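Consider the two complexes below, in which chain A is the common component and chain B and chain C are the respective partners.
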Partner chain A sequence: MSDVNLQGIVKRFGDVQAVAGVDLHISSGEFLVVLGPSGCGKTTLMRTIAGLEKPEEGQINIGARDVTALPPRKRGIAMVFQSYALYPHMSVAGNIGFPLKAQRRCPDRTEREQRVYQAAQMVSIEHLLDRRPRQLSGGERQRVAIARAIVSQPEVLLLDEPLSNLDAKLRAYARDELKGFQRKLGITTVFVTHDQIEAMGLGDRIVVMRDGLVQQVGPPQAIYDRPQNTFVATFLGSPGMNLQLVSERVQRGFRPEHLLPLEELPPGAAHEPFSWRVTRVENLGSDRLLYGHIADYRGEMQLTVSRLPSNVTIDIPLDTVCEFGVAHDQLHFFDVASGERLAEGVAA
Partner chain B sequence: MNAIMSRWIDDSRLMGIVFLAPATLYIVLLVGLPFVTALLFSVSTATVGDASFNYVGLRNFANVWQTPAFRDALVNTFSFTVIAQICTIILANILAQLLTTPLPQRRSGRIGMWIARMLLILPWATPLSLSVVGWLWMFDSKYSPIDYIFRELALLGPGTVWGPANNLIWLGKPLLAKASIIFVHVWRMTPLATVILMAGLSSIPTDLLDQAEVDGSRYFRTLFQVKLPLIMPIMLISLLFGFIFTFGDLTVVYILTRGGPITHTLTLPMYSFLVGIDGGNLAQGAAVSLFIFPVLLLVAVVLLRTASRAEVR
Partner chain C sequence: MASLTAGPAPGGGARRLRVMRVLRGTFYTTAVLFFCLLAASPFLVMGVVTFQTDQDLYKRGASPFDYEDMPTLEHLDNLFNDTRYLSFVRNSTVTGIAVVVVTLALSLPAAWALARLTGRRGESMGILMFIVYLVPPTLLFIPLFRIIVQLGLRDNLLSLILVYPSISVPFSTWLLMGFFKSIPPELEEAALVDGFNRYEAFWRVVLPLARPGIISVVVFTFTLTLHEFIYSLVFISASEARTLSTGVPTELIRGDVFFWQPLLASALLVAIPVGLVYNLFLDRLVQGFTLGAVKG
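Our next item is the complex of A and B:
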């Protein structure tokens, strides 16, 4: 197991900067999630770590080695693609054994078969070794891809949206399994996704990317609780943070779950009051989403969302002015021009 | 009037017949009838001068089978076809690999690739009879440019390895004549095979090739264990296409050697033409050509089955 260090990585395609200068340190054994919307450069960043793309600038270290100029096979990495990229003409055993043969690290046939079996056992597919990929379900294919990735005992495991081809129910299960499995192996893992739930649930730390740049790095809860800018604030959370202009230079943000009826606020907490009309209610079972408009400092109405957990049973009449509030410590302030978070107190 | 028209147009049975009729007519008149005629001729005594039908059973086939020229033609047809296909598929694979290799994103590279691809397809786009006439000159016994190059390289002529003659006489010596015929077939079939293989190669998902690279596979392992197995069905189709074209081809042999020297480059289509048309013995000519039929039938069946299976994958 090794750590990974990226310094000033820049990758261009023609005139487009897919990765525009990324510094990142991934600790040994860490599960790092790279999160961002499509086109933000997260996959390119991962392919650069893998060695499938050569960066124009910057340096990549895996452990103590500078691997910037090395081909993928000399980097000690393994990768699982979104499509799983199983070789359709090989059996499951052939697929899992392919890296061992290709890297010539395991010339002994019996030992190779044994390692293939062990890898298959690790993801509970040892009964499928003779099958062809097309005879497998989506979940089984994903496991084959993972077995193939771990069979050569890589130092770093790269996962490119490996769960996005699974149906929703299976995904939650696969998430749990993947995490448990990564803990067991203790392998340094980089996981790319555009799904914030996956990111929040899996990552030891999350890297939020946009337009080829890192927006924020940190543990999931810290990023959620203290977003560094308005992009992170609105990208994370479902729905994202409400934003509201409070002056020409400052906007205020608060999460939907913090906009609550006054009587639901912690007793005695200092709060900002909001009077608004709820125009639509979505009942999601576990939550209620309330939609309405709140005026900003210029008097312009802005769509605002409140999320009430199901244990808040208070009746919300439509199109009637209701008294809501947000606790002061749940308010976030951002610079309007840059979108950057303002230090506490600056806004006030 | 309109009501009747629309009733006809809505009648899918009637419309089906109407739409299928041209193709059916074409197949019956231009393929079916000649085939039946050939079958009838082959069991008769028909000649160019007397097409009256006298049934003689399989006598023509037996007679033809015992002719040494026929045996030569049979062996040649198979060996030319098989050797030409092997050479073609190897060459086409190399070319397809080269022509699908990504180039640095430079304008000159893209233009160069475009020119290379266009040049490649030319032998296939030229009418066969014309290009074979061109090759006839290339293989000329006196003025062959190939011989000229060999002479300039001091390989041919008095006092050289292949001397002392000044010419190799390509089409006059059995082995060279055979090689020339095979060469022209390879030259002719390689473009199509290359294009088919290029299509196959570019249909391989890039993820799969990236995966092979990440898995640590180098060029030749990726080529032989990933790329080639994946394009195998399409390669087989290209191979069978080439087989059918070469096996039933008359043009190349007819223009270059007419089967000579003696019968060294005689093929079944050529022999059938010589016996049936030049020699006027329609019955025997038909019998010779019918020997081609089962082979082509078999190949066509394999071809169609492969094609349908390749589609499923």
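Our next item is the complex of A and C:
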């Protein structure tokens, strides 16, 4: 268990800058999620920590050691690949025991077998030890990959979208389990994903990346509640934040769930009124999504979404002007040119 | 509802279906047997003729399967005791094994590098190497002969061990490249993370998965050294240094006299063990080995 410190990491592939100067500190035992759209450099960043890519600039420390120039095997890390990368010519036991053999840290055979069994038990696959990877389901393969990663008791565990090959139902279950292992073992964990639900649900902190740069770092709720720029605001949340020009220089944002019928707003709260025409309703069971257009300061119509929880049963007639509002403390303001969040005072 | 589901047609239809199935089965079995027999017939004739006396063999109008005299071991005795057959077998085996080792030693790392480390360029270089393979030995044997003479390797098996890889390495590299490409690079990376260095990862993970390719290379290379004729004929003229492909024809065909029985026996004796060994690896050759390596 160690902390990880990244300083000014730059990684280029030809002319493309995949990671464009990242500084990051991951505390010991923390579960850090790196979130971003595909091609944002999150996987490259993780591979750089693993030692599978050499950064052009910057320094990586794991614990007190500078590991920038060290090969993967000397970094004290373990990694679960998106494809799991199980060795098809070995049994499950062979796969899990492979790091112990490779690192020659456990020369005694019975002890090795015991540790393999313990790791398998941890992820409840001890009955599969004699099988080959091709005889396993997706969920079982993922567990084997995790058992292989934890068997050597690494200082840092790296997970590259390990849940993306599971079906949606299994994924929720696997998420819960994964968080459970991590808590139990207390390993410093870096988890890369493009799925914001995974990120919100798993991370102690989230790092949002775009074009090789860190956009924002913080606990999931803080990032959701106070996005640092319009990219984070629209990337997180489903659907993302509504944005609206209020002047040439200022954009106003509010989350769909905060755009509510006036009757639903907290009584007495100061609010910004919106009159809009709902043109379409999507009923998602737990929520209702209302789609319509609201004019910006130039009079141009912008697509706006409101999300009503199922306990709001009020009837919304289509194509009729309805009175909605957003509580003042739920409004966010951003600079139009840079997209950066404006301090509350400036916006008002 | 029952009428909607496909089931056996009642009465005559069912019988017709059964008859069709039996007919189809018989047809396939006959066809397979026919081709097996066709492929095996040269070996059958070889085996039969080996033990025939000259009178039986040269009798006009008789089939090779007619035995009037008792089968004889005279020709085998002749082959082993009056010719240098055993030394040809030994020379061929030594050359074969040495060429296989050299070929693997050169083509495995080359193919791995071309498949992994140079990206797109690797592919075009692989194709270039394959083109080299297409240059026929009939064009090369004269210049190569001069080189061999200058190296002082005439009548030496080393000449063949040196020259045969020029045919086997390009082909094997190209073949192995395909196998290495089918092995996901993440497997190698996983081995690197798990604690091996790049060479150990190659040895422990990549090589076992490329086994079908390696076996193909061994089979191809060994067969090549067994049947290659021109280089062997040109580089080696001393009888005791000859390999099977040139030794047998020069000793057992004298002028226009063919010593058929020992000639066919010599071919059969080599073909049987080689055929058996190849058959042992047959399922390795066709096995889809990387199944289940990645998501599925």
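In this text, the second predicted complex is superposed on the first by the 348 of 348 C-alpha atoms of A that agree within 3 Å, B and C clash if a C-alpha of one lies under 4 Å from a C-alpha of the other, contacts with A are read in each partner's own complex, and residues count from 1 in each chain.
The definition used in the following text is that a contact is a pair of C-beta atoms (placed from the backbone, for glycine too) under 8 Å apart; a residue touches a chain by one contact, two chains touch by 3 or more.
What you are looking at is a predicted structure, and each value in this text was computed from that prediction instead of being measured.
Superposition of the two complexes onto chain A shows a clash between chain B and chain C.
Within the superposed three-chain model, A:Leu52 lies in touch with chain B and with chain C [touch as defined at top]. By the touch criterion stated above, A:Gly14 is placed in contact with chain B alone, chain C being left untouched. Look at A:Tyr297: by the touch rule set out above, it reaches neither chain B nor chain C. When the two complexes are overlaid on their common chain A, residue A:Met79 makes contact with chain B and with chain C alike. Set against each other, chain B and chain C touch different numbers of residues in chain A, with C touching more.
By the touch criterion defined above, A:Gly138 lies against chain C but remains apart from chain B after alignment on the C-alpha atoms of chain A.
In the superposition on chain A, contact of A:Tyr173 is made with neither chain B nor chain C. Look at A:Asn165: by the touch rule set out above, it reaches chain C but stays clear of chain B.
The contact surfaces that chain B and chain C form on chain A in the two complexes overlap at residues 50-52, 71-73, 77-79, 81-83, 85, 87-89, 98-99, 102-103, 134, 148, 152. Put simply, chain A touches chain C in their complex at residues 50-52, 71-73, 77-79, 81-89, 98-99, 102-104, 132-136, 138, 141, 148, 152, 165.
Within the complex, the chain A residues that touch chain B are 14, 47, 50-52, 71-73, 77-79, 81-83, 85, 87-89, 98-99, 101-103, 134, 148, 152. Against chain A, in their complex, chain B makes its touches with residues 105, 205, 207-208, 210-218, 221, 225-226, 229-230, 232, 313.
Interface residues of chain C facing chain A in the complex, by the touch rule stated above, are 184, 186-187, 189-197, 200, 204-205, 208-209, 289-296.
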